[in-house]
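Structures for review follow.
Here come two complexes built around subunit A, the first alongside subunit B, the second alongside subunit C.
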Partner chain A sequence: MILNREARQGLTLISPTLVYALLLLAAPLLTVVTFSFWTQDYLDIDTTITLNNYREAWTQPIYRTLIFRSLWVSLIVTLVTVILAFPIAYYLSFHVTRRKALWLFLITIPFWTSYLLRVFLWKVILGYNGVLNSALTGLGIIDEPLTFLLYNVNAVVITLAHAWAPFAILPIFVALEKIDRSLLEAAEDLGDGAVRRFFRVTLPLAMPGVIASTLIVLIPTVGDFVTPRLVGGTDGLMISNMIQIQFGKANNAPLGAALAVSSMVIVSSISLVIFLVGKKFGGRVQ
Partner chain B sequence: MSEKPIIELRDVAKSFGTVKALNGINANIREGEFFSLLGPSGCGKTTLLRMIAGFEDPSGGEIVIDGKSMRGIPANRRPTNMVFQSYAIFPHLSVAENVAYGLKRKKLPKTEVTDEVNKALSMVDLSGYGGRAAHELSGGQRQRVALARALVMRPKVVLLDEPLSALDKKLREQMQVELRQLQQSIGITFILVTHDQEEALIMSDRIAVMFEGDIAQIDSPEGLYRHPVSKRVASFIGVMNFLDARTTGQSDAGVSLDIPALGKVTVPASHVPDGLDANSVESVGVRPEMLTILFDERETAEAVAKGVVTSTSYYGDMTYYSVALNETKAPVTLSMRNTAGRSVLPAGSEVRVGWGAESIVLFE
Partner chain C sequence: MRPGRAKKLWNWLAVYAFLYMVFLYAPVILLPLFAFNESTIIAFPLSGFTTEWFTVLVNNDALARSVENSLFVAVTTAVVSTLLGACAARAAARYRFPGQKGVIGFIMLPLVLPEIIVAVALLVVLMQLGFSLSLWTVIAGHILICMPYSIAILSSAFQGLDRNLEEASFDLGETNWGTFKRVIFPLVLPGVISSLLITFTISLDEFIIAFFLTGTDATLPVYIWSQLRFPSKLPSIMALGTILLVLSIILLILAEWFRQRSAKRQGVEAAAGGFI
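Our next item is the complex of A and B:
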């Protein structure tokens, strides 16, 4: 194949990225998929192709419970995050007239500390002798520290929602910024009050941002394992913790790989559905 | 058109912080008329329109629409509908849904909504476009949808904020005529904001010329063009030649003037504006088409001045001549229709310029 000068230039430009993507994304992914069809035979790997790992992953109740819990937790986290992010993005876009950049900058401040530190901070806040319990006992509102705060699903939801908030705020903010303000005046001119105008114009036009936020939060939270490990207790463990166990302590990499591929497929399908629904809903927005 | 005012503006003022945008506007807009707010950008015309629509609150004074004070009444409960400069077509809705937008609140039966929408679309020549998406429309079509969306609400007043400024010249001229015809056939009051004096002259029954937050003059297009009250209005509407002048006498017949560039003249009383102090006349104006070059030696006019052509601009149908008049060398522009067998005079030609007393406009 003879390439013209421009094509060669283009290839040269993308080649570092291409090599990076092949080595660090495609190759590991392929390895994981291959592993999922093999079998662990004590210390050796039996490379006969088999679907046994998938059979186990999809039939054993423990895995099903974990994957459902992961999906459930990430859906709640997504819902909470997007619902909390929308008013912030709305306020930023419609009511902040000066120094918008400064506000955006302030929103990113929590990211200056590491993710791990932020998870630990929630432990300090929600713990048995934590900030919240001490404050409530000190004020005499409760006699005994609350135990439903930490080491369960609630703690996982709170921590993840906080961690992902800025990622949800920014796409919604951008979508709201793009709305021509005269459209809102037109809606008002045609008889809509503030509430009707919001549901008939603002929300539909902000939908692309809402969908983007949903996907940005949903996809990584399904697979998060640091947060459930640190604040989830035993009830709060998610599928990624089990995958980690299979690759580590349980020494069954093929089963872990099958679990990983399974959850990847499930998350991809859910994302695709959300994307298509969003496209149908906001498809005419140009 | 009746004399009954549909909108009364009483001392309407607006300040943004310390900046005064409007200083006490008083005007009555009659039912069924095509009224234009004309002025350069920053004169407050758009602010005034937005206050009538309810998007801005006046800092002082009162706006009365159809006998009701609009104080404290929000935009969504006013009997006005607006055509926005950007058209503001909802991008997530089809053409029909855009037009039906305001009808939803009126809780009409579905078939009636469809009927109304179709009627409005045919009114603006867009029958059959109901199913189109907003982004499939051209600029002119978007403008029509915006108009249909306003008209379908059967408002007392339609407000148009520079609706034609985004269109190209040909389409704009076509829309000017169409809008005017549509307004006359449905008889709803239209208020147009524009900075284009030609557009205002073509479309309006009456025009309010605004400068820096004040209305300088309200009159019919012809009244504005022929009898501008100030040099500023005169130079904003069309082209006007200004010449120094001095009053030499005043009688029942009119005002006698000495205009060094043209000669002596008596302007008939009917052409002297009411309330003008004849002794304070300092200059006069004369429109380019009121001056004629007398090409033929035998041609005569009411009065004749001599001059030299300094430059020419050829427009096809017209030629604009710059002429230095008499000994004063006062420069004037005059326009001559090009006719068969008459070529453009070269610069330096000596010409006789014909003029008349009735074409002279007096300024204090």
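Our next item is the complex of A and C:
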């Protein structure tokens, strides 16, 4: 292929970054996929191609439970996070006129405190003698501390919804900012009430942002492993905890690789579906 | 919509926004509260004011070493990922070449990949190649996840560049290198500093990749993780968290300040979007 001068210069300039990404991202990802078809016996790797790891990953109840729980938790977290984030983004975009950037800065600050400590502090808030329980008993609203708050899936959902809040708000905010305000006036002039206008104009136009934040929250949360470990208890553990165990104590890296690949394939397919559905729904103003 | 009803809606949204901010800040506010709290137990009610937990930190060798390690990792990561990010951002903003979208999309991929996948993938390769884990392997992983942020920040800096300035410089007889040094670099410098600060902050706080890829040298988050198991160590960890919080806010304000300066230098009306 003959490239013109500009194309050659551009490719030369980007090549260091691209080579780095190829060597340290593409090659490792391919290796993980290859690895998942191998087997490990203590420290020896057997490179005969086999589907045994996948068979185990998909039939053993423990792995199935963990994979489905991870997906389920991530989907709930995503739903909660995006629904909670939308009104904030809407408020910032349509109501706050001065100091928008200050608001955005304030939203991102908590995200910049140590991730581990944020998760740990939720444990402090939700615990048996935690902030929430002592406040509620102190106010006389409850007699006994609530026990359904910590060491279960609820705690994982609350903590993750908190951790990913800025990632959900920002894309929706950007999409709302892009909406041409005269379209809203037009809808109003043509007799749409506030509710109809919202569902027929604002929401479809904001859809790219909603989809973006859905995917930005959904995909990484499937792989979170700190939150389930710290606040999830035994019923709240997720697939990444198992992946970590396989790579660590259990010394079965190929099975860990198969679990990682399986969960990524499922998440990617779900993401693709969400993306296509969202595109269809948000493609045009009805 | 009638004006009265609209106003009511905005009031409700304002109340919601306030509650949401309380939710966002709930854990962050607890950090300094427990850092200065006398009791060794992390629970309410608070018992009394003390700065003891901060003095405990000073004489902690393991902590000092992990801070040293983290600074080394974060500085190296910041420099390399900003350099690599600058190449990609400049290539994306200035040139058109086949496959451009795919290439950039691929480099930005770590932004949406779960960190555990990146960590596991690198770990498998390192194991296969027989590398031993060290701070360098952590750096390799951190560069990968920091590059996308660096590209995002620098892209706006490079896109704001007026091409005419560059051409004027060539017309006046400058070489490629001379133009870069005397025209382009000074204009994007604030963006570069902003990228350095952000990637430094990300690397400093990153846990999962560091946890998988570090050898015997713990980074700061790995050290914190090991301490979370010991209840007696928690108050000093709260103190440490408070210090980190203050430092990251300072770094972020600096980064934002540089970003705005960059916008102003290029005459872009982005200054209005700033918060300072």
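Things worth noting here:
As a convention for this text, the second predicted complex is superposed on the first by the 275 of 286 C-alpha atoms of A that agree within 3 Å, B and C clash if a C-alpha of one lies under 4 Å from a C-alpha of the other, contacts with A are read in each partner's own complex, and residues count from 1 in each chain.
Criterion: contacts are C-beta pairs under 8 Å (C-beta built on N, C-alpha and C of every residue); 3 or more make two chains touch, one makes a residue touch a chain.
All figures in this text were calculated on a predicted structure; none of them were measured in a lab.
Once both complexes are superposed on subunit A, the partners subunit B and subunit C fit side by side without clashing.
By the touch criterion defined above, A:K100 reaches subunit C but does not reach subunit B. When the shared chain is aligned, subunit B comes close enough to touch A:D189, but subunit C does not. With both structures placed on the common chain, the touch criterion links A:I14 to subunit C but leaves subunit B unconnected.
By the document's definition of touching, of the two partners only subunit C reaches A:L117; subunit B does not.
Of the two partners subunit B and subunit C, more residues of subunit A are touched by C. Within the superposed three-chain model, A:D180 lies in touch with subunit B and out of touch with subunit C [touch as defined at top].
In the superposition on chain A, A:T31 makes contact with subunit C only, while subunit B stays out of contact range.
In the superposed pair of complexes, A:V201 makes contact with subunit B only, with no contact to subunit C.
After superposition on chain A, the vertex angle at the CA centre of subunit A, spanning the CA centres of subunit B and subunit C, is 80 degrees to the nearest 10.
Superposition on chain A places subunit B within reach of subunit C only down to 6 Å, the least C-alpha distance between them. Overlap of the subunit B and subunit C contact sets on subunit A: residues 188, 193. Within the complex formed with subunit C, the subunit A residues making contact are 1, 3, 6-11, 13-18, 20-21, 24-29, 31-32, 35, 84, 87-88, 90-91, 95, 99-102, 104-110, 112-118, 120-122, 124-125, 127, 129-131, 134-135, 162, 165, 188, 193-194, 215-216, 219-226, 230, 240, 243-244, 247, 253, 256-257, 260, 264.
Across the interface of their complex, subunit A is touched by residues 53-55, 74-77, 80-82, 84-86, 88, 90-94, 101-102, 105-106, 133-135, 149, 153 of subunit B.
For subunit C in complex with subunit A, the residues that touch the partner chain are 1, 5-6, 9-10, 13-14, 16-17, 20-21, 23-28, 30-31, 34, 42-45, 83-85, 87-88, 90-92, 94-98, 100, 103, 106-107, 109-118, 120-125, 127-128, 140-141, 143-144, 147, 201, 205, 207-208, 212, 221, 224-225, 228, 237-238, 241, 244-245, 248-249, 252, 256, 273-275.
Residue ranges on subunit A touching subunit B, taken from their complex, read 180, 182-183, 185-193, 196, 200-201, 204-205, 282, 284-286.
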